[in-house]
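You will see chain A twice below: alongside chain B first, and alongside chain C after that.
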Partner chain A sequence: MVDALTRSMRASHVLVAILVSVSLVIAAVGVAFDDTFYLRLATEALIFAGLALSVDILLGYTGLLSLGQALYFGLGAYLSALVLMVVPSFWAAIGATALASALAGLIGGFIVNRVRGVYFALITFGMAQVAAKIVYNTRALGASDGLIGVPVIDINLGIVTVSSASPAGFFLLVLAMIVILYAFAAYLLDTPFGRLLIALRANEARIPFLGYRTMTPRLAAYVLAAMIAGLSGALYPMLRGFVSPELMFFETSGNAVITVVTGGAGILVGALYGSALLTLLKSVIGSYTVHHLIVIGVLFMGAVIFLPKGMMGSIRPAIERMLARREPK
Partner chain B sequence: MTTTRTTLLAALLSATAMTSAAYAADPIKIGVVTPLSGTYAGIGQQVKWGLELATKEVNAKGGIMGRPIELIYEDEEANPAVAVQKAEKLFEVSKVDFLTGTVNSGSTLAVGQVAERAKKLIATTVSFADSITGDKCSPNVFRVNAKAGQQSTALAAWLAKEKPKAKVFFLGPDYLMGRSTVAAFKEAAEKVGSVSLGEVFAPLGSKDYSQYFGQIRAAQPQVLYTSVAGNDTVRLFAQMEEFGLLKNLTLLGASGTVTSQNIGAIGKAANGFTTGVGYSTEINNPANKAFVAAFKAATKADPDLYGTDSYGLIYAYKAAVEKAKSTDTDKVRDAFRGLTWSTPQGDKTIRAGDHQAMQTMYVVQVTDGNFKITSSVSGPDAIGPDTCTRF
Partner chain C sequence: MSEAAQYFQFVLAPQMLIGLVLGVAVILVALGLTIIFGLLDVINMSHGEFYALGAFVALALSTIGLPFWLLLLLVPLIMLPVGYIVERGLIQRVFHSGDRHVRTLLLTFGLGLVMEDAFRLVFGPNPHRPETPIAGGVEALGIFLPSYRLFLIIVGTAIIAAVAFVVYRTRLGAMVRAAAFDRDMAASLGVPVQHVYAGAFAFGVALAGLAGVLLAPIYSVFPTMGRDFILMAFTVVIVGGMGSITGVVVAGLLLTQIQAIVSLYISPVWSDPIVFGIMVVMLMVRPQGLFGRLGHG
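Now for the complex of A and B:
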């Protein structure tokens, strides 16, 4: 017998499997047509999907609205760029980012978890703005110009070496990376720890009566989200060859929240589909009208009004029912 | 709902496929990645007007080597992360031959790197950070507008002539561009014999500047240089006037300090304000008069620095392609190096060593609410040393 929450998570896995299959087809078609732009655009969509994933852990599971997740994304991006410019090694960049974003998440977590609700949103927003302004004014980090000249790297995966300049190769690598981050988050959220987070969102005041501390799981969720955002950010300079302070601005954090709400909050997979849809729409609509932000805004409002559970949140119950039917009685 | 969305998506995708299909006339495609929405949309508008006017003129006279120019726009939202994505789209999907339009320096540098990897050329007509043709120069990036250093050199040359050994005080906005413009002018002014008395930096968007006035008054400067901009200038100048600080003080500033947008709000406190610029509608030559008239007729607005530099770029590209007899990247790059062509601002020459355009710089002074040209500095005197080491 499988309980409802585990079944829901399995339904998310099914949706991720569909996304991965579609991505593999896209990669194959891209290679067949010798495409560069659309593959790299899809890679960017996946990278921002990682950021949205981290927002969903906080918003959808723990019930904490972070308006400053770009802080950790930007930290990962800048650190990865700096590491790559000294040692052109994928693993060095990823390792350094994982450590630094965990540490930054721990420090930031102690600050923001002292408050709840709207104050949490404001403090996360404030911290990201402060960090963005510091980067914007620090000459050693390229200040407002950002850092260019991040080299193209060869990523040694043991059996095969992938160049970050190869559109299809790097797309598949980022896909693998994001799926690993998803799987890691999904695994953790399906353990008692994850149940505790869901309970936190529902009624934090009652958690201590069940014998749990509330600070520890909140902090752990925040650190986990910071690491996922940081590791996604670390992939950005490998794709684009530069970083700029705009990556840490509110626009980036806000877009991640819009992505999660449009795709569906509290189901993890919504972040991935939301990012794919929004990135594609922005790129395509932006070429036809300068009023693309209106289109995104209307889409967001429509999603909130007509699909309050988001795109995938509305589809997932059907898959859950299907999985329930196939379970042995 | 989902069906409608899918249909819409399919329609949009097929439209993209159609635009990338080959044309019979085989035009030369120039990509324009410029801010069409957001804070910098006003600059993007001038860039667009300037490019379109020049393209219309060139196409009416038979295009470049018989091929018409086609401009393809993308909105970069003044965000380098968006700009690189749009630039890549223009290079890979639209297959543009050349690209321009980037406004903020971060976008220009990042798009320059995309161009290097795509083996294409770009030019900026707006970004003025010295690094673009200095320590971060790229063999694939050209700049046809004046950089920050050219503006401060022109102004310092004027200062040395008008007020030799002037005692100067500096007041800038407290952020990187503010501090670097002050540092650049300070260096240029000290080189021509000015004495620096001190400097203060006020936060961006300050409401009250009077807290700095005691320090300024005690230093007894003859000249105040400021690089504040927009509404900050309005407040600074109005408060200085109230406190009687403007008497016997010459006001100098960055080219963005007093503009047609805030000059009305500053009123007579702006009188006598002097700055160095690469363009003014007042430039007295037949080419500029014809250009201003044509620009006004087409857009019902005056051209500014950005519109004029963008207009000139189309003629530079035309000259380079005709000299190279090809749109091939390497051949056009060679043709650009040392190229001299005529613009409404007079002849410009691209320095081969760093891809920076040399041009006559103008010193303009506000007189009764209008900008009047008081003197000019020749191109070679204003450009400064070549600091690019990459090529």
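Now for the complex of A and C:
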């Protein structure tokens, strides 16, 4: 027996499978044409999709808008860059980031979860702003220049070794990483924990009467989002070889929110498609004019007004119906 | 003269005056923000861009030869219909959805992005610096202050007092407060709530535009001018209590004085993190801010 929530999650899986297939084709074409630029761009789109995914866990499942998710993304990027400069090991960077972002998410979660609604948006915004300004002013972290000279690393995956300088190889690695993060989040949100989050969004005052705590699941969702943002950020210096304080600025958080809302909030897969769409738009419009923000801004406003479920949120019900028909009666 | 008095005259007082000028400026921008939140329950993320719009409209009009004094009157009048149309045409479209806070915030955020890029398209990315309308300076008690900044403090204070008077002492203000307190009750007593809402948004936006005109000679005009300024305004609104006019004035003066005095002792680059830190702590311990909301108490 499959209930509506599991079925809708499976519909998201179908959409992710389509995206992965397209990505594999892109990788193959990229290798065939010996391309670097577009593969790097697609890799960046995937990295920012990870950040958007973390925004969606908060916005789509707990109903809380985070305007400061770049805090954890930036933390991951800076920490990963620092680790790589000392020990050029992928796993050391990822491990350190996972630990640090979980810890930061726990501390941040205690601070931000004291408030709800619009205050949550503002406190996350304020916290990220404080962190960004501190990084921007700290000489040891390169201040406004950021950290440059992150070395190229060889990533040992047991069977094969992938160099972060290989466009197609690193693209596939990032793809795998983002799919794992997606799968992990999707799995957790389909368990009773995920249902508790949805219940919290619907009516928080009732949850204690059902015998559940409200703080624990909120905090857990926040830590999960912080870890996903941090781990996505950890991939950034491997791709670009540098980190800059812009990664922590409001533009980064704002972009992630635009990505999720355009792609569709509360379905996880919207973040991935949204990031692909926005990156595509930016590079296509960017080749004609520098004023791509007008187009993206108008598109975003249109999505907020006319398409509150977002692009994928409007498509997914069709796939859900398809899956429902195939289920044994 | 004692050492303490000298310290006050040459170090502390000038710094506090600079803080006061910034304080009045921030309060002007934050007033519109807090009125819009207090009445409509909308976080206007594009408020900084309306502040910039005021400055850019003034810049455009001054190139055709209009004097600064006329612009001071004209720009807010131009901003009123703009704000009215934005409220009726955009914000009302998502106003009645279940998730009003998030959707109106997102919508105004998008609007801000579009406006900022439009400024860059029309006026270019470089800063413009309008001529100071009043040259020279005055010296009082041994403290030197440029005349225009003194003018800004006086005019700004007058505007703030006028806004407070309208909201708290006139029939129009009573309607606004009634609509903020209980929309349905106000409507059934004959308050044209729809127009009050759109009017309040237009009024808030016009105030931001006026601040843009007033501050352009001091802080220059450039496409992202709203972004840097609005963070401070948001902080002031949060610390003062969202929707409270008294709160904005108190928090505005308090925070800019803290910022000004702190910059004397530690590097000024750290004053921003300190101010935002105060905002975060305030949200943690007292999210409703120092004072209550508009129409509540």
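Convention: the second predicted complex is superposed on the first by the 329 of 329 C-alpha atoms of A that agree within 3 Å, B and C clash if a C-alpha of one lies under 4 Å from a C-alpha of the other, contacts with A are read in each partner's own complex, and residues count from 1 in each chain.
Methods note: contacts are C-beta pairs under 8 Å (C-beta built on N, C-alpha and C of every residue); 3 or more make two chains touch, one makes a residue touch a chain.
Note that the coordinates shown come from a computational prediction; the quantities given were computed from them, not determined experimentally.
Look at chain A after the overlay: chain B and chain C clash there. Using the contact criterion defined above for the overlaid structures, shared-chain residue A:His291 touches chain B and also reaches chain C.
Residue contacts after overlaying the shared chain place A:Asn137 against chain B and chain C alike.
In the superposition on chain A, contact of A:Asp145 is made with chain B only, not with chain C. With both structures placed on the common chain, the touch criterion links A:Ala318 to neither chain B nor chain C.
Once the two complexes are laid over each other on the shared chain, residue contacts for A:Met215 go to neither chain B nor chain C. Shared-chain residue A:Ala17: touches no atom of chain B or chain C. Contacts of A:Phe242 after superposition: chain B is touched, whereas chain C is not reached.
By the document's definition of touching, of the two partners only chain B reaches A:Phe37; chain C does not. Taking chain A as the common frame, chain B overlaps chain C at a single listed stretch, which among 146-154, 164-172 or 200-208 is 200-208. In the superposition on the C-alpha atoms of chain A, the part of chain A touched by chain B in one complex and by chain C in the other spans residues 136-137, 291, 293. For chain B in complex with chain A, the touching residues are 1, 9, 12-13, 15-16, 36-37, 41, 74-75, 79-81, 84-86, 88-89, 92-93, 104-106, 109-110, 112-114, 117, 129, 131, 136, 175-177. Listing the residues of chain A that touch chain C in their complex gives 59, 63, 65, 111, 114-115, 117-119, 121-123, 125-127, 129-130, 133-134, 136-137, 254, 257-258, 261, 291, 293-294, 296-298, 300-301, 304-305, 308.
Across the interface of their complex, chain B is touched by residues 35-38, 40-41, 44, 136-137, 139, 143-146, 148-149, 152, 165, 240-242, 244-247, 251, 280, 283-288, 290-293, 306-307 of chain A. Within the complex formed with chain A, the chain C residues making contact are 43, 90, 93-94, 97, 99, 101-103, 105-107, 109-114, 116-118, 120-121, 231, 234-235, 238, 267, 269-270, 272-273, 276-277, 279-280, 283-284, 287.
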